[in-house]
Amino acid sequence: MIARMLMARRGRAGWDWTDWASYVYLVLGVILMFGPVLWLAVSSVKSQAGLDVFPPSLLPWEQARVAVPNQPSPLPLFRVTSGDHAGETLAQVRRIGLQAQLVSAIDPSQIIRMPTKDLQPEMRVHASWSNYSDLLAKFNFGLYFFNSVFITIVATVLTLLVNSMAAFALSKYRFKGREPVFLVMLATLMIPPTIVLVPNYLIAATLGLTNSLWGVIFPAVATPTGVFMLRQYMLTLPDDLLEAARMDNASEWRIYWRIVLPLSAPALAVLAIFSVMWRWNDFLWPMVVLSRSEVFTLPIALFSFQGDLQTQWQYLLAMTVCTLVPVTLIFIFLQRYITQGIASAGVK
Amino acid sequence: MSATLDRPARFGAFVGRLLGGLYGAIMNLPERPMRAAQARLRDGRLGWLFVMPNLLVFAIFTFLPIVIDFWYSVTGGAQLLPGDRPYVGTGNFDSLLTCKNYLDPTTCERDLFWYGVWNTLRFVVLQVTLMIFFSLLTALVLNRKIAGRGFFRAAFFYPVLLSPVVVALIWKWILQRNGILNAGIQAFGGQGTDWLIHANWAFFWTVLVSIWGHMGFYTLILLAGLQAIPADIYEAAAMDAASPWRTFRRLTLPLLMPSLLVVFILAMIRAVQIFDEVYVLTGGGPGTATVYMVQFIYQTGFAQGVRQYGLAAAGSLLLAAVLLVFTLFQLRTMRRGAG
Amino acid sequence: MSHRCSLAALAFAAGAALAASPASAADIRISCYSDGNECPVQKEMSAEFMKENPDINVIIDEVPYSAILQSLPVQLAAGHGPDIARVTAFGTISQYFLDMRPYLKDADYWDKNFSKTLAWLRPTPQDKGIYGLPTQLTITGAIVNKSLFEQANVPMPGPTVTWDDWAAAVDKVAKATNVPHGMAWDRSGHRFAGPAISYGAKYFNADGTPNVIDDGFKAMGSRFLDWNKNATVDRDVWVSSGGGYRDAFSEFQNGQIVLYYSGSWQVRRLEKQIGDGFDWVVAGDPCGPAACSGMPGGAILVGFKQTKSPEAVAKYLDWFAQPQRYAELMSKTENIPAQQELQTSGAVKYNVTAAGNAAIGAFLTETTRLSPVAYQLQGYKYNFQIFNPTVDRLSQAIAGQITLDQAYARITQDVADALATANQK
């Protein structure tokens, strides 16, 4: 079946069952990839009570409230299920034990008492934007956003520059130690980053990079994955181009800047996107290095509510959506370049 | 021309010239020193010049910490500063490797380490296999003449951009007792369950969630590899009346092997080092059913007040050694196969 | 004057001005994490402090709790870090604490009113240093859903009832009202300690070295395991989230448990998130043969040795320690005061509902029933090295991964291991 799918690569007139199967598979895949994120977003505007409803609804339901004269805040509405007032919708003034005191919206002066078991909450659709506004009101969003953006952009530019220079050297020059350098870089991929956190901090502290955005930028610049990927791509660039340029008496820097870099654009685009993704989502290292709030990044600021939020899903969900919006926007605008870039940078 | 139209246009032109000048300046800056260097150094040495910035940052922030790590692994005590730690030789490694029965972590001195080892082994075998299977399948499907191929390609790639913590939170929300998965199952007449409280289900979900989060990346690499296979080869095979399965096995797979190898190595490295998603999703639970190697390192070296950093470092080195051996073995096989 | 002279004079003046400027204001940096609203309240009150002390500039950085637990010790070890931090795990960073005694105007006031909690910060019992200001006194206790008891028509047990009786009562209520579980405890060794002590656990030998597994501990351990097995206790809380602390507040809020064994820091959340959704009351700490004890606790603002302005640090903390300011802080954060005089005088007025006031009052009563073992345990330098294995190993036993006896053996081993590492020089 797989093989037949391959054979169909060149297209045929009319649809085959493999075509149907492919489309079904792809549509299911899209639902599976996007669905969970959409569900997260939908859930994030539900009120706390709405989140506990089972089975969960698509729309954000919450208990209706009505403003009643002489009451300081809107009262929750209930529908009476049995007894004298069955079928009526009443506002609950207070509840003591298993007895509730309610008033009618028409005649708020008269208090009606009945057991809570005869009451059912009256629900309405209402998006709970306070989940977001409460969060954003708590901290200096603009400053942390700027810090994150600064780190991301500067780190990405430096990463592209430094990694491409190294990849250029490792692919186009023959010098002793070329292989060992490359292998050592690759070998360091095997060490989980968690364990180098503390030594890295000690080094950063010695260099005076703590509590500085540069302390987050510099260590991130020499990514072995980036060098590996760029090197593989640059290996495919024909040497004659470089030779021709050398014969024209171009300096090596000119060759690198004017010829190699532009030709490596697809691979550079991929590295750029990954670098943006890594730096934007970075959490553990910035948290260790940055302890002053002026230099906090967005993920750190969002997680400062962690203790309080542990069981308040409505804030946790809103916070998660906040974290993924920037990345999603980049994705929407650049998705064509992302997928094209990886496809053409695919390791040969 | 009115003044209002003129000003933004002139400003734009000014900025454009400024950026152009900046670009030219940066490009021309290293010209002179580069030519001077070229005159002095032989061709090979020039390579070092280009590698130097990367090597410098790498040496300070990647290599040096690992060297310090080696020192940590042969020292004990709870002090963080390397100078304050007493030397214990192979004490940490001995402690990690002491077991009456290696297959039963409860008989080991460091049971958490061995839970990590066996759980990670199970995880890697299952996850990498499934990951490659689904990535390959998706790449093959995407390789066909499909309408909206770009959209589908991008859709599979989207979860890769999300941070592991976000991925885990998304799925934790879905897998809640009152979550949408249970609701869906109930709608079809089944009985939902507490997914993350049963050892086997928790394990299964760590595999699935990690595949969800990373599959797109490998799909694209394999897709690129598939698209690099020239079409004439298939025409030739069709003319020889070869069966589809034979074509796939004899033709496609070997040509795809370099890409498959890259995917295999990267997927394995990432699977062995899995941590963030799992820690947020299950915390290693229930009990220690989903404790993987890096969680052992994290818990031993960070999460305790009395940090057993020597043990954590020793564990990470053992892990890295195994991974390195395996990767080199794979690379050697590929080199031999390619020749 | 010649040109050169005036130029030189100008240069000298400029240089002097530049050299003089850093000395104008002392900066104090505080790393603060909030359980509820502690950090915002502190920021608000610090503004007033700065008005009264214009030469001190206070900057409060709100950080995640994990930053305090994990990043702060790393920063301190490297010689960096804030001037003050709000800390809960004192033992392993006590070597960095600043002794404020020489800088305090009235150290006796501190000795008299904060003696019990200041003891937790001292590296050895003989030490007499004053290392920080407790921002709260927390105490564990049972919070009960009274409405469910009423619905089930079961009378609420009194203050001297044992854990066994409570377990039976909540079980009855749960079955009668169709609630899945009778009770849930926060996933924490600190939470487990109170009931264990009530059933006779001593945690320490006579010489102060830890001896965690004794008959009392085992008595509560086996009970807790049984309750988890027969669904009296919600298993999910201790078992599913393997890696760390987890509280069961949402289970209580959603009416899935009858009794929630947590502590006084929840009052604010009870007020805000449950309100009058159902009647909740604080039932105190159930009893055992040895005691009716919970565990004390609380986050403490500690100063660090490497601060550049120790006098400013001491001044700042002293300002908050005075009765009026401290009462204001407690009232605004809805915490129980650690200041011993305020505990009994009732001078702290909380802006809460009647239910909230009753709860706080009940918790205050609990402070008088604390066993001395509880204080000793909270003040022990390596208490987290006892709490963490307790919860990890018991969770494994509850998950069915190991037997209870294996769990006990592992706890003993883990504690000994941590102590050995800590003492390795």
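The first chain written gets the first letter, and so on, giving A, B and C; residue counts start at 1 in each chain.
The working rule: a contact is a pair of C-beta atoms (placed from the backbone, for glycine too) under 8 Å apart; a residue touches a chain by one contact, two chains touch by 3 or more.
Everything quoted here is computed from the prediction, not taken from an experiment.
Undergrad: Where centres are the averaged C-alpha coordinates, which chain has the largest centre distance to chain A?
TA: Greatest centre separation from chain A goes to chain C.
Undergrad: For which chain is the distance between its Cα centroid and the global protein Cα centroid smallest?
TA: A
Undergrad: Go ahead and name the chain pair joined by the largest number of contacting C-beta pairs.
TA: After counting contacts between each pair of chains, the winner is A-B.
Undergrad: How far is the middle of chain A from the middle of chain B, if each middle is the mean of its Cα atoms, in Å?
TA: Distance between chain centres, rounded to whole Å: 17 Å.
Undergrad: Taking the mean of the C-alpha atoms as each chain's centre, how many Å separate chain A from chain C?
TA: Chain centres of chain A and chain C, defined by C-alpha means, are spaced 33 Å apart.
Undergrad: Rounded to a whole Å, what is the gap between the Cα centroids of chain B and chain C?
TA: The mean C-alpha positions of chain B and chain C differ by 38 Å.
Undergrad: Among the residues of chain C, which ones contact at least 2 other chains?
TA: 70, 74, 78, 246
Undergrad: Show the residues in chain B shared as contacts by 2 or more other chains, in ascending order.
TA: In chain B, 80-81, 302 touch at least two other chains.
Undergrad: Hunt down the residues of chain A that sit against at least two other chains at once, touch-wise.
TA: In chain A, residues 52, 197-198, 202, 313 touch at least two other chains, as defined above.
Undergrad: Would you mind writing out the residues of chain A in touch with chain B in their complex?
TA: For this pair, the touching residues of chain A are 2-11, 19, 22-23, 25-26, 29-30, 32-34, 36-37, 39-40, 43, 52-56, 161-163, 165-166, 168-170, 172-178, 181, 184-192, 194-200, 202-203, 207, 218-219, 221-222, 224, 227, 251-254, 256-258, 273, 277, 280-281, 283, 299, 313, 316-317, 320, 323-324, 327-328, 330-331, 335-336, 338-339, 342-348.
Undergrad: Would you pull the chain C residues touching chain B in the complex into a rising list?
TA: For this pair, the touching residues of chain C are 69-70, 73-74, 77-78, 89, 91-92, 235-236, 239-244, 246, 382, 384-385, 388, 395-396, 398-402, 406, 410, 417-419, 421-422, 424-425.
Undergrad: Taking the touch rule as given, give the residues of chain A at its contact with chain C in the complex, in rising order.
TA: Contacts found on chain A: 48, 52, 94-98, 139, 197-198, 201-202, 205, 210-211, 287-288, 291-293, 296, 300, 303-308, 310-313.
Undergrad: Quick one: in the complex, what on chain B touches chain A?
TA: 27, 30-31, 34-35, 38, 43-51, 53-58, 60-66, 68-69, 72, 80-82, 137-138, 140-146, 150, 152-166, 169-171, 173-174, 178-180, 182-183, 186-187, 212, 216-217, 220-221, 223-225, 227-228, 231, 234, 238, 243-248, 252, 258-259, 262, 269, 273, 275, 293-294, 297-298, 301-302, 309, 312-313, 316-317, 319-320, 323-324, 327
Undergrad: Any idea which chain B residues touch chain C in the complex?
TA: Going by the criterion above, the answer is residues 76-81, 86, 88, 106, 111, 177, 194, 196-197, 199, 202, 279, 282-291, 295, 299, 302-308.
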